[in-house]
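Here's the structure, in structure tokens; my notes come after.
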Amino acid sequence: MGKHVVVIGAGPAGLETSASLAKLGFHVTLVEKEDVSGGHLKKWHALFPTLLSGKDALETITKGLDSSIKIQTATKVTGLEAVNDYFTISGHNGWQEKADAVVLTTGFQLFDSHRKEEYGYGIYENVITSADLEELFASGKAFVNRHGNKPERVGFVHCVGSRDEKVNNLHCSKVCCITAVKQAIEVKQLLPDAEVFCFYMDLRMFGRHYEELYKEAQEKYNIQFIRGRLSESTEDRDGNIVVKVEDTLLGKPLRIKVGLLVLMAGMEPAPDTKPLANMLGLKNVSDGFIQPLDEVLHTNSTEIPGVFVAGTCSGPKSVSDTLADARSAALAVADYLKS
Amino acid sequence: MKLEGKRLIWQDYQKEIADDHYFYARSCIRQTFFPGAEAVFVKILKDELGKDIHDEQHHTSCTGIGYHSDVVPFDTTMTVVARQFALMTEAGYENYAASCVTSFGLYTEILDTWHHFPEKEAQIREYLFKATGREFTKPKNLAHASDIVYKFRHQIAAKAKYKLVDKNTGKPLKVVEHIGCHYSKMFPHKGIGGAEYPYVLSGMIEAWGGEVIDYPERRHCCGFGFRQYLVQANRGFSLSCSKKKFESMEPYEPDMIITNCPGCPMFLDRWQYALSEMEGKTYGENHNGIPVFTYEEVAGMIMGYDPWEIGLQVHQVPAEPLLDKIGIPYDSSRKFKGKNGEDLGMPESPSYLKFYSE
Amino acid sequence: MTFDLFVLPFFIGLLFLLGVLVVKYSRWIAMMDASDRVKAGMALFSFNLLKTVNEIFLESLLHRRMFKRNPLLGYMHMSFALGWFLLIVMGNIESRVYSGGHINPPYYPIFLKFFIHDKRVLPFEIFTLPGFFRFTMDLILLFVLSGLVLAVIKRTRSKWFGLKRTTVHNSFDRWAITSLWLIFPMRLLAESFTAGIYKGGGFLTNTLGSIFDAILPLEYMAYPAWWAYSTMLGIFFVTLPWSRFMHIPTEIILIFLRNAGIDQGKYPGSFSEIEIRSCPRCGVCIDVCQMNQAGLTGSTAVYFIRSLREKLPEVQLNSNCMMCGRCLEVCPVGIDTLGLRIGARGVDNKGFASDFTYLVNQPIVEKKAEVVYFAGCMGHLTPGVKRAMLQIFEKAKIDFTFLDEDGSVCCGRPLKLAGMKEASLTLISENSAKIKNTEAKILVTSCPICYKVFNDDYQLDGIQVMHHSVFIYNLVKDGKLVLRQTDLKAVYHDPCELGRGSGIYEQPRNVLKQIAEVADVSEERVNSLCCGGSIGDLNMDAVKRNLIRDKALTILCESQPDILVTACPLCKKTFDSGNATVVKDIAEVVAENLALNKLHKQTVDMVKL
Amino acid sequence: MEKKAKYFGYSITRDRQIDYDANNHDICKIIAKAEPTLNLCISCGTCAATCTAGQFTDFSLRQVILLLRRGETKSLENEVSKCMLCGKCQLVCPRNVSTRNLVIQIGKALYDKKLSAETVNTK
Amino acid sequence: MGELYNRLADDIRFVESLKACINCGTCTAICPAAEFYNYDPRVIATTVQSQDDEKIRELMSSDAIWYCGECMSCKTRCPRGNAPGLLIMALRSVSQDMGFFTESEKGRQQLAVKRTIGDQILASGYCVRPDMVDPGMHPEQGPVWDWEHKNLIPVMNKLGANYNGEGSGALRKISQDDLDELQKIFEITGGQERYDKIEEFSKEKAAEMGLEFGTDTNSEYFQHIYTANNQKHNHE
């Protein structure tokens, strides 16, 4: 066939799309702005619901890559143009390619928790994000808060940067609920004596075995779930975090001190997505996530023939959803290039 | 606590504050309880900084307290505010400086409302014209008086005789800053430093040598709650709110509280008295209470103005221990005397709070 | 010679035992309510006593109930009880014969062969008086020993005796049983050795004695054997009051009191104490208990009663019982295990303060009718049952008052089962007033739980209480309902509270038979299984309940029926969740299979012809 | 020097906020041990919806469990006494919480607490 | 959608204050009133959101809408950009216009606010004046205020105020022309009407309660509403 596809972004979506496209017989170039591929996954310690290690997951995905795939790392795409029936793609470092189809797999960026000022991230030492916690898990360091003490209580705040007009994010990030449950369990495994609380609005346990994990968190680990969105956190003299929340199921405001507060930072569109979409002339990117041609039927196609999307650049997804989406994108590309 | 984190946030909440030519609107509560503070403000701006500040005689209350205790309808309040704007326009000013935080919040709210509902603005213009024959231009710059002091905090520091430093230890004084709720809780971008970590007073405290204390109930309302204080039956609420703050700040051993809202300093001052009388509990060192000041008073203090001229004697919590700490001289015998030294008698001594006189 | 030192262990043991029994019995009598004491006193001088004696003979000696359950087991128990009893009786007669009718010291008949050793007379000695005794006594001893052999076999082959599981005993029981088991071999040895030395004894002891004499120095061994025999008796008597064998003297009292019309009354009380000590720990109740399926073997009646006896504060044990009554059915002593359980729960839960003052001034149903219908809590949870009943009422043109149409006040049975008697009485009086207010003649309920408590604890002044299955049965019998035969194959499940609890087995079956072919179930009627949903259990979690449910479903569905029919909304709901087959309440089956009317049915029949 | 508290015509209000740190969580622990399915509750309210006592009162087991978990045991005191133990809640609970035993355990724990408080008082 | 809901929806503040509440409780968690009163702004939002006129009427007649202190902390945090505090203001307006406010103890207090703050605005041009802060009605103001109140003129003079003076400055006397303008504004914009309604409905209520109504702050009814507390507002 010999048709050439450029995949932009070498996270799980880009890697899996490339692997699938190569298997289908296409020439694939995978462009990545960073020096190393793997996206957010390379920093993630373990994946829900099985606690599969992020490293292992990435290795398995990478193993599927055909040697024919050209991986162009450390290249930020600065030019992307549809010319007749092909595309020209160029990078900041002078790299340039022509392609018959383009797959955008630019992924997401983690919500910057500083923006949720009232939670004190970056101000109070013992307020960290879910990503920080994954790093802490991965480092294998003793589980102590930043004062060197084992926290007696750990709180998880759901929906940080998600479902929040105050930070202009209306969407649900989909994976934070289950991630919080997973991390809460991991914390409990490391600190069996700690009390762990999840402050949530809704528990969106949509995936296979998620609800079961949630039940396990309650049954086996006695993790407490308090329905109420965190209103603010402050620091007491000992560096504990005092949080205020309404226990909405009781209809009473509640104040509780935790030694460590973990913010479940949501997914936001990657900053590179919109510029790339603009270069192509994609219109449906109002919230920064690319709107596929149809959210039910054509989830990988866009309004421009030959331009495809896969993974979280079109909306929050779990790793497994991302991989499935990537494979589905490869088929959509194949379909397009064959016709 | 990491200060860099706060600085990062403060960068996002800078606002433009006019440099000169202010139309000054006085505050009902400020002038009633701490008229010296307003006097200091005008004095510093005029005399020390050489600014032009118009002290308008025809303006009235913005009706804010009536509005927020819901006896005055929104349209009425908007029209009264429009009248203030008209007075400003007529006086040839475009920079509005409000002494009151409630007013400031209300002006902000009204301007925002008019922005979103231009038809409302048109209606209010009509009302105003019909009632008074006046017309107005919206202010080009709207600031709370504390914004202006914040803007010139370094100039004030440069001219100051004293610093917010314990003269005996050389250590900065521990200062609690209390921001009026309506300063930035409604419109975070209209306040310096935003709603969560307002910088307006912290900036002054830093510039004047003090150390800001962040305590868990820092953001809590003083408890005024308008109708919650105005009606005697509700005052328990008001008192309880302040108590919550005192209990929360107490372990940090603050030397003083600075506020930017007219009501808060009065409440935080008086409630310390009421709490001491009701439960025998006093805050601060040696049953002195924690002194509560307006930012204007503090500016006056460090500028070396006579404490009794700027009105520190009308605080129930005595200022003397703090003046001593900083090293500001004062004449005890003149504390409760009239302007020309005439005898006005003496307040009674409270049961628990320390009382200083001659 | 009428005395030897070796009799002392026996004699002291016996005196000790009698002393302990006197103390215990006196305490129980003292604990008894005055009215009960009067009842007991009167029973001593009435014909009832004959009944008691008869029952004691049948149950305590012959072990009739045990025989019914398993002949081998019955024989084993009978050989011990009756055999030993006969040994004592015959021994006494024999000793009198030898001593010329004098009253002998109590040990004398027991050790008669030590004191008296006459030579054997052959060959027709059985027709002589001493010969007769020697023969008979040896025969009885052999009878006892045969039981002993069975008991030993039962240790490893309990299934031959109809028992899958046997009781695990504590150390007192082990001491007692060891000594008991050794008494008779020791007696055999002692008598044989003595017979060997003196060439006396009967067919058994003489034969054995001769053999032993040939190989053993019997003159040195006989005397120690008598010591051993006496010692075993002594140990047995001393351990008896704290061992399972306490049931021997206590059961007699229990039978007497029961026949005197005395029941448990307040708990703990003398009756419950006597019941607790009447448990022989035979373990017959273990196999029938469905708690085994949930892995809660420790909850079975025998261990529950043990915990009461030994005052082990095991709340879990008290609360973990579905109160299905299967153990009650099989208990050879007839101990009211459920009553004891309720009593123990009452003690556990005495701190639970119920407060139903909120029920005061609730609106009363004004409608008056012949029939009042009470769906009950569970009926409300299974709207299908309720709807079916309403259809049936309509079809049969019954004017009725729906007492709990707008929701029920609980019948009080759950509280009663939790031991909260006072609280349940509040609900009972609340409901009673409401029921009476309807001026109905018949109270129909869909819930066997309610049905049981209505019958047992409500004073409804002549209002006839009917479970809906019986009510339907009557309607069908009276021709007010005509049912349609289908080709369904059904099994019927007897709800505990309706079957064992209230004795209603046939009416629902008869109704069902008019609709479907009803297959037999291996465990039905009195042996019916509990569905596992029982509100009788206070503690068991759902996982365990499901194990019980699934096992019951397996047995119920052995014949692969199209439909499992029951007559209890709770059973229905529980079985339904097991997803084994279609589950319906009898009322639902009836409502779905109502023929148009009698006339119509006749027409259909005619067409068929 | 004994000074008389002044009365200003109103009094200080204790806050309604659940102060988790100040609350006593021992009772919850005791009950969770006696009835571990307590932890399974997801506050769905099915129990309260079907509750027999709930027809007549504002009794809500969901609410009771929450209060218990938050250590608000004082508000629990007169709650479980309304329960008739009819068991409907147990049948409808999607998480199979052993609600009846839970109610009994709560009732008893509060009783024990009262008892221990009384013993302390009499000492 | 009922009449009451529509009335609420006419209020410009309502439009800004309630957009599809998600019941997350952020508002209640930091609400000072929810801390000390049996009050939950989340529930208020839910009730109004139901658009059930019966419930809204009940709400407007209850104490619940009068607990808010209008600090607007809720507005800062709501993830849906709602402001229960503003919603409360809309509810209070309708409650007063329709006369529901006299049904609750806290609502009845509106007359006290009107006769103090409200009347003061029109009489002096300011909401508060030092002479109005009577130590008898404000005992918590303490002995220093007591002293100051007794020596208002010299103290104010010392502190640089132009107490009751002509021209500009703190506590100056507002000229009659300015007061007339204020009065006119009140008449045109509905302020006076609001005042009159508060008086009217309160008068009815006073009659119903059998209390002398009067026109000032010394009347029986005023004293009653100013001090009455049935102790049902807090959780104790």
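To keep things simple, chains are lettered A, B, C, D and E as they appear, and every chain counts its residues starting from 1.
Here, a contact is a pair of C-beta atoms (placed from the backbone, for glycine too) under 8 Å apart; a residue touches a chain by one contact, two chains touch by 3 or more.
No experiment lies behind these values; they were computed from the predicted model shown.
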Tell me, which chains sit next to both subunit A and subunit D?
B, E
Which neighbours do subunit C and subunit D have in common?
none
With contacts defined as at the top, give the pair, B-D or B-E, that has more of them.
B-E
By Cα centroids, which chain is closest to the centre of the whole protein?
D
Measuring between Cα centroids, which chain is at the maximum distance from subunit E?
C
Comparing centres built from CA atoms, which chain ends up most distant from subunit A?
C
Quick one: subunit A and subunit E, Cα centre-to-centre, how many Å?
48
Whole-Å gap between the CA centroids of subunit C and subunit E
75
Chain centre separation in whole Å, for subunit B relative to subunit A (CA means)
45
Dist(centroid_CA(subunit B), centroid_CA(subunit C)) in Å evaluates to 84
Multi-chain touching residues of subunit E, meaning two or more other chains, are 30, 34-37, 76, 140, 227, 229
Multi-chain touching residues of subunit C, meaning two or more other chains, are none
For subunit A, give me the residues that contact two or more of the other chains.
118, 227, 232, 247, 252-254
What are all the chain pairs that meet the touch criterion?
A-B, A-D, A-E, B-D, B-E, C-D, D-E
Can you check the complex and tell me which residues of subunit A touch subunit B?
114, 117-118, 120-125, 232, 234-237, 242
Which of the residues in subunit E end up touching subunit A in this complex?
22-31, 34-35, 40, 42-43, 76-81
The residues of subunit A that touch subunit E in their complex are 118, 159, 163-166, 201, 227-232, 244-248, 251-254
Flag every residue of subunit B that touches subunit E in the complex, lowest number first.
26, 28-29, 31-33, 35-36, 38-39, 55-58, 60-61, 63-66, 68-76, 78-80, 83, 105, 113, 116-117, 120, 127-128, 130-132, 181-182, 185-186, 188, 195-196, 219-221, 223-228, 230-241, 244, 270-271, 273-274, 308-311, 313-316, 336, 338-339, 342, 344-350
Listed in rising order, the residues of subunit E that touch subunit B in the complex are 11-13, 16, 30, 32-33, 35-37, 66-73, 75-76, 83, 89, 92-93, 96, 105-106, 109-110, 112-114, 116-118, 121, 125-130, 133, 137, 140-148, 150-151, 154-161, 167-172, 174-175, 178-179, 181-182, 184-191, 194-195, 198, 225-229
